[in-house]
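Listed next: structures, encoded as structure tokens.
Shared between the two complexes below is chain A, which has chain B as its partner in the first and chain C in the second.
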Partner chain A sequence: MTSKRVVAPYVLILPSFVLAALIVIWPVNELAQLASHSVNRFGQLRDFVGMANFRALLDDPNFIDALWRTGIWTIGVVGGAILCSVPVALVLNEDFYGRDLARVLVMLPWAVSLTMTAIVWRWALSGESGMLNSALMDFGIIDENIQWLAEARTAFPMQILIGILVTIPFTVTIILGGLASIPDDLYEAAALEGAGRWEQFRYITLPLIAPFLNIALVLNTIYVFNSFPIIWAMTQGGPANSTDILVTYLYKVGFRLGKLGEASAVSLVMFGILLVFTLIYVRLTASRGAKA
Partner chain B sequence: MLAGVGAIALSATANAGTVRMTVAEYSAKTGPYFEQVAKDFEAANPGIKIQFEVVPWDNLLQKLTTDISANANADLSIIGTRWLVDFVEQGIAEPLDSYMTPEIKGRFIETFLTPSVMNGKTYGLPIAASARAMYYNKDLFAKAGLSEPPKTWAELETDAKKVSALGNGVYGFGLQGKEVETDVYFYYAMWSFGGEIVKDGKSGLDSKAAVDAASLYKRLIDEGATQPGVTSYAREDVQNLFKQGKIGMMMTAPFLANQIRAEAPNLKYGVAPIPKGPGGDQGTYGVTDSVIMFQNSKNKAEAFKFLDFLFQPKQRIKFTIDEGFLPVTKAEAEDKYFADNADLKVFTSLLPIARFAPVIAGWEEIADTTTSALQRIYLGQGQIEPTLKEAAAKANAVLKK
Partner chain C sequence: MNSAKLRRSLVCWLILSPIVVAALFPFAVMVITALKPSTEVLTPTWWPSRLAWENFRTMWAATNFGNALRNSLYVSVLATLGSLIVSIPAAYALTRFDFKGREFYRQFLLVTQMLSPIVLVVGLFRLMVALGVIDNINAVTVVYAAFNIAFSVWMLQSYFATIPVDLEEAAWMEGAGRAKTLVKVFLPLAVPAMVVTAIFTFINAWNEFVIALTLLRSQDSYTLPIQIFSLVSGRYTVEWHHVMAATFAATIPVAIAFAWLQRFLVRGLALGAVK
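Showing the complex of A and B:
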């Protein structure tokens, strides 16, 4: 053992480490600076205030509400998207006439900007001239216009639905990748043993695409948790902050009210939540991997 | 390498005579207008170059915040005058008095220049101004048997009910309950009932006038005199309903007339003053945007030279007509276009009673609190008096800071 052997790995790892530090640690450090100081609305640091910005958040009922709502939003959208994507991916994995076209159709919404999708839905959900109301009227499902975006009770579930809709393409793509990796002879063998379609799905498909579902779960959670356009374009978190999630709340606090210190504190809280979530997730998958 | 250094040196000298200005995009006409002004100015003033960054209104404050914190702001910028107090308190805006001749100062209509005067110093020049008046649909009024627009809020309530009674998705009073200026839409009535946004350093939201105004709006909603679901209607949404001929009355700015001319030329509408309250009080909302100069600008003389040019009649008249605002300089107001325009006359006649957003730090937060409280009242999620009291308490806490 020479000292060279001991040092070499660290030297090799150094460039990536420096890069990671620049990309990750520097902004977090900047945020911590902002969050622990009183900051004027132009981002210029004034006095050190310690945890005051965090305390101000805890005193704000809108923050607590937004925190809970972010949980509902993330679980709703990610859960809904995965539940819907598995059957879609299974169908698209079958060999049928026009499959390529069907795949393109499913992927297409992905190519449309999220903001634009949200704006189109804002029009579709408009109370007096919206497409959804006229369609429901034509089918005789409702006899009075529903004011979808007028209150959280109808607006927020619709936003979650749209969130699910736009998350499906990406999720389907990942699951399709998983399905493609399952060799056909597994199913042939299972069929010979007398396994039905449900049993094949339960005991072959599901375990084998589990790692892919995990990827979809983690990436979607991070993405949806931080997703801004749908809610902002449709209700701006209103009426009366009743559809705010943490990012829209953060934007309002930071750029509308000019409290950049508090906004940075929100941002750090969000970073913390996602970090904890990711760590738990890594622990879980690592231990499961060890058992297998 | 040497060539690169040379290029940097060259661009540095070029920058010496370059004035950068951040411009808010009011419409598709804004960008081309400023391009033209820059061309004309550069032709008249060789050696000075003008550079614009045209930014959508919604992102303007965010962009300025980022630029200023990075010390990369332009020399001049358009800002909402209600933001000015922050710019002044943080030492970001440069007082313009030392550059301004009495002639330049004399060009402006006093009402519009005063909001940018703080502590006796002029920090901005008004570039855009508007006030609000009531638009009404003449066809719907005729169908409902009404011959003229309401003069008081009591009349407005009966008239709105009559128009709503026409049915077929037609509603009497277009009420805004979403996004920016939801609070302003409420002040129209509050002022008419004798209320003030801030009086003696205290919020007027818990005053009798505010409660009366909120009760009136809530009654209009409950009586079906407004469009349903007011909390899902931003200003643009209500304006669209008006353009579609579905709304009897609404209050908004002069630019709606421009939009109607372009998008719904057959709509028969009239413009009338904001109705009066029981005590004869009346108020409209005046808004100005100002151009400020940054304290850290390195080309202050050149920048002001450009401002002087920008505020000459030829440039001003084109801008104001393009964007559908009100004249801010006396020379504009005398121009035939404005002097003969019946719609605009109503707006200008309201200027003596126009009120501006109070010049206080934290105004945006108070506006936000007010909007939230109103939305809860409109939705029936809060009793009127306690909800307004709570909002007033929050506003007072902001005012004390």
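Showing the complex of A and C:
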């Protein structure tokens, strides 16, 4: 490339930079201001209070609970999705009758908004008129209606299951990409050496899709950690805050209780956690780039 | 048909059956409830006594569906165009130029992707208050376009990288300028990538919840997800047959388009992940 064109790339990226910066830099600065000041109900900044908003969070048992629950939610959904996605991707990578249809069916939850999914499930899980209860009764699995969303003991695990279901399509997609990159002759060579299916999986497939699994792991962790609609549309964090995760807690504190300072502090805590995930992701992609 | 493949197909479908059932269950609930006569909605039977197609007509009026549909289309189309218009040059620059700050820019985009709207929601809300554009769907459009830039650039770039430079170089040899080459040679080759990216952005905007919930305040400006959410939240009686009919009408067209296009998406994402 000649030096004459050195301005061109900057001109080309400028519009996207301005637009993306507008919705990130200004709000982040705003969050920092709010979190370090006392803010009245109308959103006016009062005195500088340093870490007081953060300390208020640590004194709030609901915050601590939401923080723990976010961990369970994230690990449960991401772990469950990856565990389910590996076999599904392996099957979808096989040549069988109706594979195209199977792919569409597995990918379908991806196309539907999480809000709609959550609303449909909320109805399906309703205690008296819900069709899940009636389906389970028809099959003789349960013999009395379960009030799925009335207590956290059943509501939260159901939300995690739904989270897994909607996370599978993206995860399968990434893993399929990994499987497609493995040359067939590796398997042929292994079969000649007498390796069985399990050994082929253990020693060829798994190591070669590992980088793809890592990327799915980190990206899903970020998406799931930030996921708001499933819990909000099903229970709004209830009953009695028992299904709150950080994002729903943040929304309640900010927009229901109007404590913008504390809500901003929650945002910044999440920002910090996300930054760690981002660094891990950059590390992973960078080490892959170095290998390639 | 050969019998080995037939047997393999049976095993494959058997393994997939739990996930297929789980994926289809909400669709079944949605369709069946949408077609139940209103008197039967609260009885959890699978088969309605008749198909109540009129639910769709009554839903349309009862839920203000047309207005929300218009808002959703407006926001999604403009956000998609806006996001594409700024992402295409950026993706082109990242693919074809080696410049200082290239890596920095990539990482900046990555950060915008990590910082999903919900983390920034309080700050975004304040930004919109400061600009005086609360309850303005144009503001929502700009925010959607901006949040989709990172993904669009990522997708476009992964496709652009597969377009051989030789083709452009051949055109330069012939004396065509960079701009002309771009318009005559490069962009036509990149059309499939742009279409897939556009559809993905459209679906993202169509389905978005948090920003719309926070920034849109009046029924007149609600998009479909917020409108439908407003039918179930904080109400004592929910007209579930209307809600499911509305969910169905808002979901099925997008789901069909997605089913049709998902293999391109799968390819694009796989390319993106490898890059």
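Please note the rule applied: the second predicted complex is superposed on the first by the 247 of 292 C-alpha atoms of A that agree within 3 Å, B and C clash if a C-alpha of one lies under 4 Å from a C-alpha of the other, contacts with A are read in each partner's own complex, and residues count from 1 in each chain.
Heads up, the rule we're going with is that contacts are C-beta pairs under 8 Å (C-beta built on N, C-alpha and C of every residue); 3 or more make two chains touch, one makes a residue touch a chain.
Note that the coordinates shown come from a computational prediction; the quantities given were computed from them, not determined experimentally.
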item: First, second, both or neither for A:Tyr203, with chain B first and chain C second; value: neither
item: Which of chain B and chain C A:Leu257 touches, first, second, both or neither; value: first
item: First (chain B), second (chain C), both or neither touched by A:Ser267; value: second
item: First (chain B), second (chain C), both or neither touched by A:Val282; value: second
item: First (chain B), second (chain C), both or neither touched by A:Val28; value: second
item: First, second, both or neither for A:Trp68, with chain B first and chain C second; value: neither
item: Which superposed partner A:Ile174 touches (first chain B, second chain C, both, neither); value: second
item: Touched partner set for A:Phe48, first chain B, second chain C, both or neither; value: neither
item: When both partners are placed on the shared chain, which of chain B and chain C touches more of chain A; value: C
item: Which superposed partner A:Pro239 touches (first chain B, second chain C, both, neither); value: first
item: Interface residues of chain A shared between complexes with chain B and chain C; value: 43, 128-129, 236, 255, 260
item: Partner chain A, residues of chain B touching it in the complex; value: 61-62, 64-66, 68-69, 86, 90, 92, 169, 177-179, 227-233, 237, 240-241, 244, 246, 364-365, 368, 371-373, 375-376, 378-379, 381
item: Complex contact set, residues of chain A against chain C; value: 1, 5-6, 8-13, 15-17, 19-24, 26-31, 34, 43, 84, 87-88, 91-92, 94-99, 102-117, 119-124, 128-135, 165, 168, 170, 173-174, 176-178, 180-181, 212, 215, 222-223, 226, 228-229, 232-233, 236, 247, 250-251, 254-255, 260, 263-264, 267, 270-271, 274-275, 277-278, 281-282
item: Complex contact set, residues of chain A against chain B; value: 40-44, 126-129, 145, 147-151, 155, 235-236, 238-241, 252, 255-258, 260
item: Partner chain A, residues of chain C touching it in the complex; value: 1, 5-6, 8-9, 12-13, 15-16, 19-20, 22-30, 32-33, 41-46, 82, 85-87, 89-90, 92-94, 97-99, 101-102, 105, 107-116, 118-127, 129, 142-143, 145-147, 149-150, 153, 178, 203, 206-210, 214, 225, 228-229, 232-233, 240, 243-244, 247, 250-251, 254-255, 257-259, 262-263, 265-266, 269-271, 273-274
